[in-house]
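Here is the structure we will look at, set down as structure tokens.
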Amino acid sequence: MTEDVIAARARALAGALTEAGFARLRVRDGDIEFELRRAVQPGATIPAPVPPVATDAEKPSARRDDLVASDVVGIVRLTRPVVVEGLDLDGDRELAYVETLGIRNPVRSRGAGRITAVFVTEGQPVEYGQPLFAIER
Amino acid sequence: MTEDVIAARARALAGALTEAGFARLRVRDGDIEFELRRAVQPGATIPAPVPPVATDAEKPSARRDDLVASDVVGIVRLTRPVVVEGLDLDGDRELAYVETLGIRNPVRSRGAGRITAVFVTEGQPVEYGQPLFAIER
Amino acid sequence: MFKKVLIANRGEIALRINRACHELGVATVAIFSDADRQSLHVRHADEAFCVGPGPVMRSYLNIPNIISAALISGCDAIHPGYGFLAENARFAEIAADHGLTFIGPKPAVINAMGDKATAKRLMREAGVPTTPGSDIVASVDEARAVSEKIGYPVLLKATAGGGGKGMRAVTGPQELPTAFATAQAEAEASFKDGRMYVEKLMPNPRHIEVQVLADEHGGVVHLGERDCSVQKPSHQKLIEEAPAPVLDPAIRARLHAIATTATRAVAYTNAGTLEFLVSGSDVYFMEMNTRIQVEHPVTELIYGVDLVKEQIRIAAGEALGFSQDDLHPHGHAIEVRVNAEDPQNNFAPAAGTLSTVVFPGGPGIRVDTHIYGGAIVPPFYDSMLAKIVAVGRTRESAILRMERALGETRIEGVKTTVDFCRELMNEPEFRAGGIGVGWLPAILARRAAAV
Amino acid sequence: MFKKVLIANRGEIALRINRACHELGVATVAIFSDADRQSLHVRHADEAFCVGPGPVMRSYLNIPNIISAALISGCDAIHPGYGFLAENARFAEIAADHGLTFIGPKPAVINAMGDKATAKRLMREAGVPTTPGSDIVASVDEARAVSEKIGYPVLLKATAGGGGKGMRAVTGPQELPTAFATAQAEAEASFKDGRMYVEKLMPNPRHIEVQVLADEHGGVVHLGERDCSVQKPSHQKLIEEAPAPVLDPAIRARLHAIATTATRAVAYTNAGTLEFLVSGSDVYFMEMNTRIQVEHPVTELIYGVDLVKEQIRIAAGEALGFSQDDLHPHGHAIEVRVNAEDPQNNFAPAAGTLSTVVFPGGPGIRVDTHIYGGAIVPPFYDSMLAKIVAVGRTRESAILRMERALGETRIEGVKTTVDFCRELMNEPEFRAGGIGVGWLPAILARRAAAV
């Protein structure tokens, strides 16, 4: 992995993190692992020369939760029974699916935990990387 | 990995980190792990987007000497006896004049001191603000 | 052709001249003040001399230092740009005395046209229609007599005036004494010349000007007209276009004919602009600017002529390379002045560091600017940061293009006129065309009242 | 006219399309990858959707996510730009299946022209001269038989090829087996299509292409030719101009006539480009690009036509608003591609953060770019950062203008082609005009040998 790629990745991750309002992000991809922590006072740091594009996602608080994001562009369909904040998950389950050109792309909890945020509503359009749920493990 | 490569990587990562406004970045690539932490005050690190324009004036050393600069655009004429480095001045004297459209604009030492640098030569064109002499008081 | 030209100016016009010189294979020498050390005009020139500290009197108006820089660097000509020393006949004479060609008309012509009352008299003698009014009036009483003869409302104007200074509108005799005193005091303070004259005040006329080029061999052409009626309450132009929209072809032809006649009558040489007030079918000569204008790009875009190169060629003694028959405008061009000013606060000028600078591009867009991301806007100078010019096949396409171009423009760090001008592009009266100089002040008054 | 267009691209061409849409009053939807979150094309669009991570397969080539974004946002058309999905007939079909107009030719035409061997056959049938050569050759033996017939040197080419991939020059029969194997392997790896054909290899031909526009009502016009002979050893274009310099008027007229004939013959619609090799008085059809080209601005500048707006109008079913007789070129235009590449190191692409970005401006300069000071150049995409285009009355004035414009350009943070291209402007053979595609590789070889 070259410096350029590392730098580009770090930037992309940092963008996602800032946008989602989270403090720490760890990504493992094969034998490459990334970890990013946000500086204490993000407000005081260098402003991006270009303002970030606004997304519709509400800003969750800065807890150390897992973010479950969409990896396609489509319309959110919440799986019944509909997931709500505070719900305890005792294992992996489908939380929703994102419909793309008639195809159902399932969104799973990838394990147990407590739902701490639901960022989307039934029928909402979402883009790639858009946070759908936060789960406290 | 050589020191050079490590240094290059660290620089690239530091750039990305500063830019993103984050405090810490850790990257593991195979069995190599990088961790970078930023210094406390990120606001002070923004580089100027455009490098300053070089001027022809030589850079005087960082002593606390008085700089005698030209306040006109013209041709330097050194006053005889010609001032040299190390010369002690026992009071105010004319060091040179700058000729502008046939007019003599005297350059004076404005008091006693020791000449520590002569930045110009006889007949040299100078601009406004260009250092001519340095004097240790 | 010249070997090396000193550019006695700063900002976008210094860059503009630098471009013309380099495209002609002529070397350039920039001058700059301490406050402009980082400016692009310094970087782009082949050589550069600091001529003084920030304040203009000690730098960009410092004639000895500027002439000295030209001589030291081996220049054979000086281009003054606009503003600063551009219409200073004394500067032109001093340059000539030192063997430097002044790129502009002869000093005597600069002098004659620079004195507004003399210019009007000369034009009247040449058969050019001028606004009803007086020669110099020595007192309030003389001013009152003239005003009563031509009828109120009238305009008191300083003969040395410019940029709206030393000018007062007077609607009736009771206002005259105060107006005269304040305008004269302003003229004396600004121009060290308190001579005043009186002119009939037109109700909301259009400001239309004609570009001319005249070589030193008797060749004279016009390059059509520009409409500069979108003016701030201070009478400063904000948006200009060419050709003038919804203008009767007969009036257009008359303006062009008057302009070339007048140019010949005063033995004018180099590039110049004749400014007219147009009201219905009435056309009145206002003044002649003996220099390149800020708004010259709109003419360049529709005529395909590089006016600054032509200025340099003419000053170098070349004959014009084209005749009137070779000049045909194509399309429509609009210029917006991007100023560091707050349109919400009487266009108060701003200074500071520009954090973000993104200019528009793509088809039909020309940008003339000296700023860049990180550049400093010093407090000493004109507030213009850039000119954005859009050209299209039709006026409508040029307006739509300007609208999208202003939408792409991001300048952060100081307030600018970008968004305000973008809004103006959507005003129905502007879209319709043919507005007068009172249009923008009226809009501003309406908005102020609404708040 | 469309209400809303999804722009299925990034970089300067996404901005270019956004400009055309906005000037037509059409709303826009941008797509972007994670790596392009801060890109200008995202900011300038009315809406924007992230369609995937940095790598193109998962974002800019992610057909389901792109079509889904168009549907969700209520678009009625998709503009593909160039590269990515622009010549993907399947994408055009899927768009149509979902009720979205693909702004380009019909899928069948994209398919036919995308297959180089089919395209040549169709053109031959339409009476268009093509390079002597073969249809698909199934084996080395077949390739050898054809090569002996047409005579060495020959060019082995992949029928699905592009950008110099799957292509090998062969000077004699002994080189053929290895060349065939490696070119075929490359084609299979790059295009999943290893079909090869053989062409006569011209000695240093010129690359001249003709721009056409064809509406859906039978209207076909050409907008003259472009000379794109300044190519890197990889066959990628670096400098383009219009019109082609020192071209025999009879050959020019023939190229234009062939282009419109061929366009009609294949029932082509929308904007397209026919590429030819010109060698002496020989003219051979090479391929047809069924999309807008990178170098389209040089044509726009001399014809005053906005080609992207025309693409959109044609796709919306409008008839061309002009005929061939209305189209007259004025002046000469040159484009330089500013790439994030190191000309001293085989044009190796670079990525990084741009610390300084200052573009040229002033008369006759057009800049199409998506970069700005502080922008990031991701490692995933094409290395082109900007196109700088200069237009002048003559070729010489355009070259001088380009030289000064490149001199004004400052891009720091990555290596670029700016200074290298500026040097090329001064090469006597380039100045003279009429160079072939072997010119730049020869210069580079000469320089490498001198080191």
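Each chain gets a letter, A, B, C and D, in the order it is written, and its residues are counted from 1.
Note that a residue touches a chain if its C-beta (ideal position, glycine included) is under 8 Å from a C-beta of that chain, and two chains touch if they have at least 3 such contacts.
Note that the structure is predicted; figures quoted are calculated from it, not measured.
Among the remaining chains, the Cα-based centre furthest from that of subunit C is the centre of A.
Looking at A-D and B-C, the interface holding more C-beta pairs in contact is that of A-D. Averaging C-alpha coordinates per chain places the centre of subunit A 38 Å away from that of subunit D.
Distance between chain centres (mean CA atoms), subunit C to subunit D: 42 Å.
Distance between chain centres (mean CA atoms), subunit A to subunit C: 55 Å.
With centres defined as mean CA coordinates, subunit C is found 39 Å away from subunit B. For subunit C, residues touching at least two other chains, in rising order: 43, 356, 372-374. Counting only residues that touch two or more partner chains, subunit A has 4, 7-8, 11, 15, 48-50.
The residues of subunit C lying in touch with subunit B in their complex are 34, 37-38, 42-43, 49-53, 59, 64-69, 71-73, 98, 372-375. For subunit A in complex with subunit D, the touching residues are 2, 4-5, 7-8, 11-12, 15-16, 48-53, 72-75, 100-101, 103, 125, 127-130. Against subunit D, in their complex, subunit C makes its touches with residues 15-16, 19, 22-25, 40, 43-44, 297, 300, 304, 306, 308, 330-331, 356-359, 361-369, 372-374, 393, 397, 400-401, 403-404, 407-408.
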